[in-house]
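Input: structures, listed below.
Consider the two complexes below, in which chain A is the common component and chain B and chain C are the respective partners.
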Partner chain A sequence: MSSIVEASDLCVHFPTAGGAETVKAVDGVSFSVTRGETFGVIGESGSGKSTLGRAVVCLLKPTAGGIKLDAADPYALSGAAFRRNRRDFQIVFQDPNAALNPRMRIRDSVREPLDILGEGTRAERNARAVAVLDRVGLRAEFAERYPHELSGGQKQRVNIARVLTLRPKLVVCDEVVAALDVSIQADMLNLFADLQREFGLTYLFITHDLGVVSHISDRIAVMYLGKFMELGAADDIAERPLHPYTEALLSAEPTPLPSHLRTGERIVLQGEIPSPISPPSGCRFRTRCPFAQDICAATEPDWREVEPGRFVACHFAGQVTTKGRKAS
Partner chain B sequence: MRRVLAWLRRDLRAALSVGFLLLLLGLSVAAPVVAPHSPTRQDVNNTLHEPDASHPLGTDDLGRDVLSRLIYGAPATLYASFLAVTVAIVIGVPVGLLAGFLGGWIDDAISRLIDTLLSFPAIVLAIAVTGALGIGLTNGMIAVGIVFSPQLARLVRAQTLIVKQELYVDAARVFGASVGRILWKHVVPNAIQPVIVQVTLLLAVALLAEASLSFLGLGVQPPQPSWGAMLARAYHYMEIAPEQMYAPGIAILLTALAFNALGESLRVALDPTMKRR
Partner chain C sequence: MVTADSPPLLDVRGLGIFFRTAAGEVQATRDVSFRLEAGERLGIVGESGCGKTVTGLSILGLLPRAQSRVVGAVHFEGRDLLSLSPRALRGVRGREISMIFQEPMSALDPVFTVGEQIAETLRVHRRMGRKEARERAVEALAQVGIPLPSRRVDEYPHQLSGGMRQRAMIAIALSCEPRILIADEPTTALDVTIQAQIIDLLVDLSARTGTALIFITHDLGVIAETCTRMLTMYAGEVVEDAPVDSALERPRHPYTSGLLRSIPRLSARKSLLPSIPGRVPSPADMPAGCRFRPRCAHGVAACAATQALLDVSDARRARCIRQAELDLPGAIA
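Up next is the complex of A and B:
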């Protein structure tokens, strides 16, 4: 299995409004996404996960480190070749409404990627647009409408359809169901899963919702303040978190049981996520970590592979979970 | 088309101004048929005559029929307004788009140039340009258009800055769209509404600029009629025939008013935040 995305020590920094300081939205992240898998990235708001997704589709240029798409550096390409290369790496955004030009008919929006590539005649492109709309569950009559005449879920289907016209290799799904009604989230996730099988897609699935990500992902990366805290197989992470932050995230997940039957204790993190302008010294999670020791402030924990395919950035990985404490 | 008709039925001000401008356009085209006399035929025995049956608006200082000159002057006046505004659009819109979309030093350079040009009074620059290129309505109005262009450029730039942050622009980028395509398909359609409004307002200002230029003798040259030139002649006979100024003056006033009213109505009609009653 070859990797379709390879990030090595990827950083995306922004200057603040005054230009004096730097917002370290993504601050040294390394991972690779294997062809055909669903790679979930989970983190709270402000963790830099959307910035990461935008960097993967070249909407943001890395300020340091590198990104390889299909084993090639996209930024080594010339302007026109760079634009042509983008077709394989697409993104579906969180806000289905803002992603559609309000003055374009649905059909024109869906046809746009094909128009840009200039494949086939206009009639053929129209036919393909209508066909792909049909595939995501929108009847042909929607093609003539404008975005404001559609519901949020329908608009998100349109966004998926227009990405599909390109037959991309990778689709970054940036909080694709967060803006939708809970009642249609499941439908939409099933659609994503079906399309993955049908078109052989690879997903980079970004979300703040652990239920969503563990349902759909093969592997999960937990992101906090611009860095990965933990990375591993989805089941592994959910069953046996090694990082205190992952454990806190898992414990925050509501369980469909009355309180006296719940096994785990809910870990409530104190405070807010620190500012990405000046992240804490040492481990970035230490200011909110219930187990923080002196070493956590002094040295930044390495990103180490504790088991094959299982990476953690914590000095006490696996030793300091609440469950472990209770046992001792 | 049906939507435009529905709009005109709903908005009396818009209907009146559009009607007036269409009437003016019709008169311009049909001037040889509609005008009772030749606009340049002099009748020196009959100068500064008061209105009567054969000369409904009287005659001027050379005995020419005022109504005929007013009708024949309409095309020159409209031509001048549209020429100036077209020049302003052709220069201002692309410049504003590029400055807003590309940003960086290009934006800085263009913005400073806009600030510089904005400090020139339109008429003064127009006088300078006609001085350099030769007197004539076309030269004068091109100069007026150049002076107008920074206004449009600044407006388009501001709109572009807003639209370029929209998610659909990012989406188009990921599809591999070129800058030109993004500007044409996404930025222009979403940024153009306030520009349309501004254009109708500029038409009124251009009309007044034509009147001023011709009044100063830098625009339409005799014996060609134009409203500004008519006003300039009438000015010389203010003491003995003050009514001479009414016809061109009122024509200029009404046309400027129509352009302004149309612009204002368009602004309301195109703004989705203004609720329809």
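Up next is the complex of A and C:
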């Protein structure tokens, strides 16, 4: 199995408005995404997960570290080759409304990526757009409509259709089901799974919803303030978290279970995520960590492989978690 | 539950909400009836467009009068809130019954400090003086867990984070110690760790002050952790009314069951999620008979008739003619 994305010590920093300070949105993450897998990224707002997603599809250029897509450094390619390769790496965003031009018919929006590439005749491109719409569950009549005539779930299907026209290898899904009602969300997650099987897609699935991420992912990375805290197989992360932040996140998620079946008490983290302009010294999570010791402020924990394929950045990984958590 | 000798704190009966649209009048809710006891925490759950928010707004007379019409009755302390004058209603709002919303930034006034906004409520309803109101505002901020309340009281909403703004909203809503707090998706815009803090805060305050909660949300997990009883709404009707644990364990309406089954957390990883086919009908195009029938896997001929909310037991009701015979999967299949 080969890697489709390889990030090494990837950083994306932004200057603040005055330029005096730096927002360290992504501040040194290393990982690889295997062809055909679903790689989930969870974290709170401000953890840098969307910035990471954008860096993977070259919408943002890394300020340090490197990224390889299909074993090639995209920024070493010529302009034409860069654009050619880019079609293989697509992104779908959270807000299905903002991603569609309200003045374009659905068919035209879906066809637009093909127009830009200039593939085939206009009639062929139209036929392909309609075929892809059909694949995501939208009948041909939807092709003639405008975005305001569609529901949120239908619009999100259109956004998926328009990246599928390009036959991408990898799709970054940035909170793609967050705006949808739960029954519509279930339909969409089923659709993502179908499309993955059919087209051999790889997903980088970004979400703040633990239920969603652990349902769809093969592996999960937990992000906090620009860094990964933990990375491992979805089952392991959900059932045996080794990092106190992962455990707190899992326990904060409200579970729709009768009271006698809810596991243990919640770990309610104090405070909020600190500013990415000046993250805490040492371990970034220490200011909210119930187990923080002196060493956590003094030394940044290494990103270490504690078990094959299981990475964690905590001085006390696995020693301090108060309980395991059984998935239902 | 309800005893004959003590009337409930809030008694909503046959609430029907109509909106005037260009295409004529449409009915957003029909025959919404429920009771709320003192100190109770009631969750109202359902998908977008099921009538949860308008039900909350109608209780406080917050629907636009020119474009809407409300029938039925909302009894609160011997009065029907629906028949009160705007002036009398202002005496209830914020004082006896308060409301908080999903987006605190659009509910807070950006040009006044948080303290001024809490003080305003106290000065209007409690006729407090400036100094006393300010002192009470600091206490209110402390009560909702805002650090350094004596400094925060002079800050403007934009200086606070999303979670702190929602705390400030709660502080305003609870400043007059209302009997009922209506919270409409108060944690939806927040991160899960902040949501956990707000849920704890609301449950704790409700237990300490005896304020009853109406918690409107689409998230059954939030209901499970916050409420004692839940009302499932579908297409403008109450389809199930039950204690939370019983509804989660054994729902009596196929819609409640469908909502529960479509939650990813409750299914095996990578498996096909059971979803509810179709979508919520629009108020202008309601199916006749049981409104859930076009999406229901259990329909029979009798579902073509309008369905009543049937008693399942003393504490439970369901709007399904087959409620007694169906064995519907809940949170645990």
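As a convention for this text, the second predicted complex is superposed on the first by the 320 of 328 C-alpha atoms of A that agree within 3 Å, B and C clash if a C-alpha of one lies under 4 Å from a C-alpha of the other, contacts with A are read in each partner's own complex, and residues count from 1 in each chain.
What we mean here is this: contacts are C-beta pairs under 8 Å (C-beta built on N, C-alpha and C of every residue); 3 or more make two chains touch, one makes a residue touch a chain.
Predicted model, so just to flag it, every value in this text is computed and none were measured.
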item	value
Fit-or-clash call for chain B and chain C when the two complexes are aligned on chain A	fit
First (chain B), second (chain C), both or neither touched by A:P102	first
Partner chain in contact with A:D181 - chain B first, chain C second, else both or neither	second
Partner chain(s) touched by A:R139 [first = chain B, second = chain C, both, neither]	neither
Partner chain(s) touched by A:V57 [first = chain B, second = chain C, both, neither]	first
Partner chain in contact with A:R197 - chain B first, chain C second, else both or neither	neither
Which superposed partner A:R266 touches (first chain B, second chain C, both, neither)	second
Computed vertex angle (chain A) for partners chain B and chain C, CA, steps of 10°	80
First (chain B), second (chain C), both or neither touched by A:F93	first
Which partner, chain B or chain C, touches more chain A residues	C
Per-pair minimum CA distance [chain C against chain B, superposed on A] in Å	11
Of chain A, residues touching chain B in the complex	54, 57-59, 83-87, 89-91, 93, 95, 98-104, 112-113, 116-117, 159, 162, 166
Of all residues in chain C, those that touch chain A in their complex	47-48, 161, 163-164, 191-197, 199-200, 218-226, 244-246, 248-249, 258-260, 262-267, 269-270, 272-276, 279, 331-332
Of all residues in chain B, those that touch chain A in their complex	166-168, 170-178, 181, 185-186, 189-190
Chain C-touching residues of chain A, taken from the complex the two chains share	44-45, 151, 153, 181-187, 189-190, 193, 208-212, 214-216, 234-235, 248-249, 252-262, 266, 268-269, 272-273, 327-328
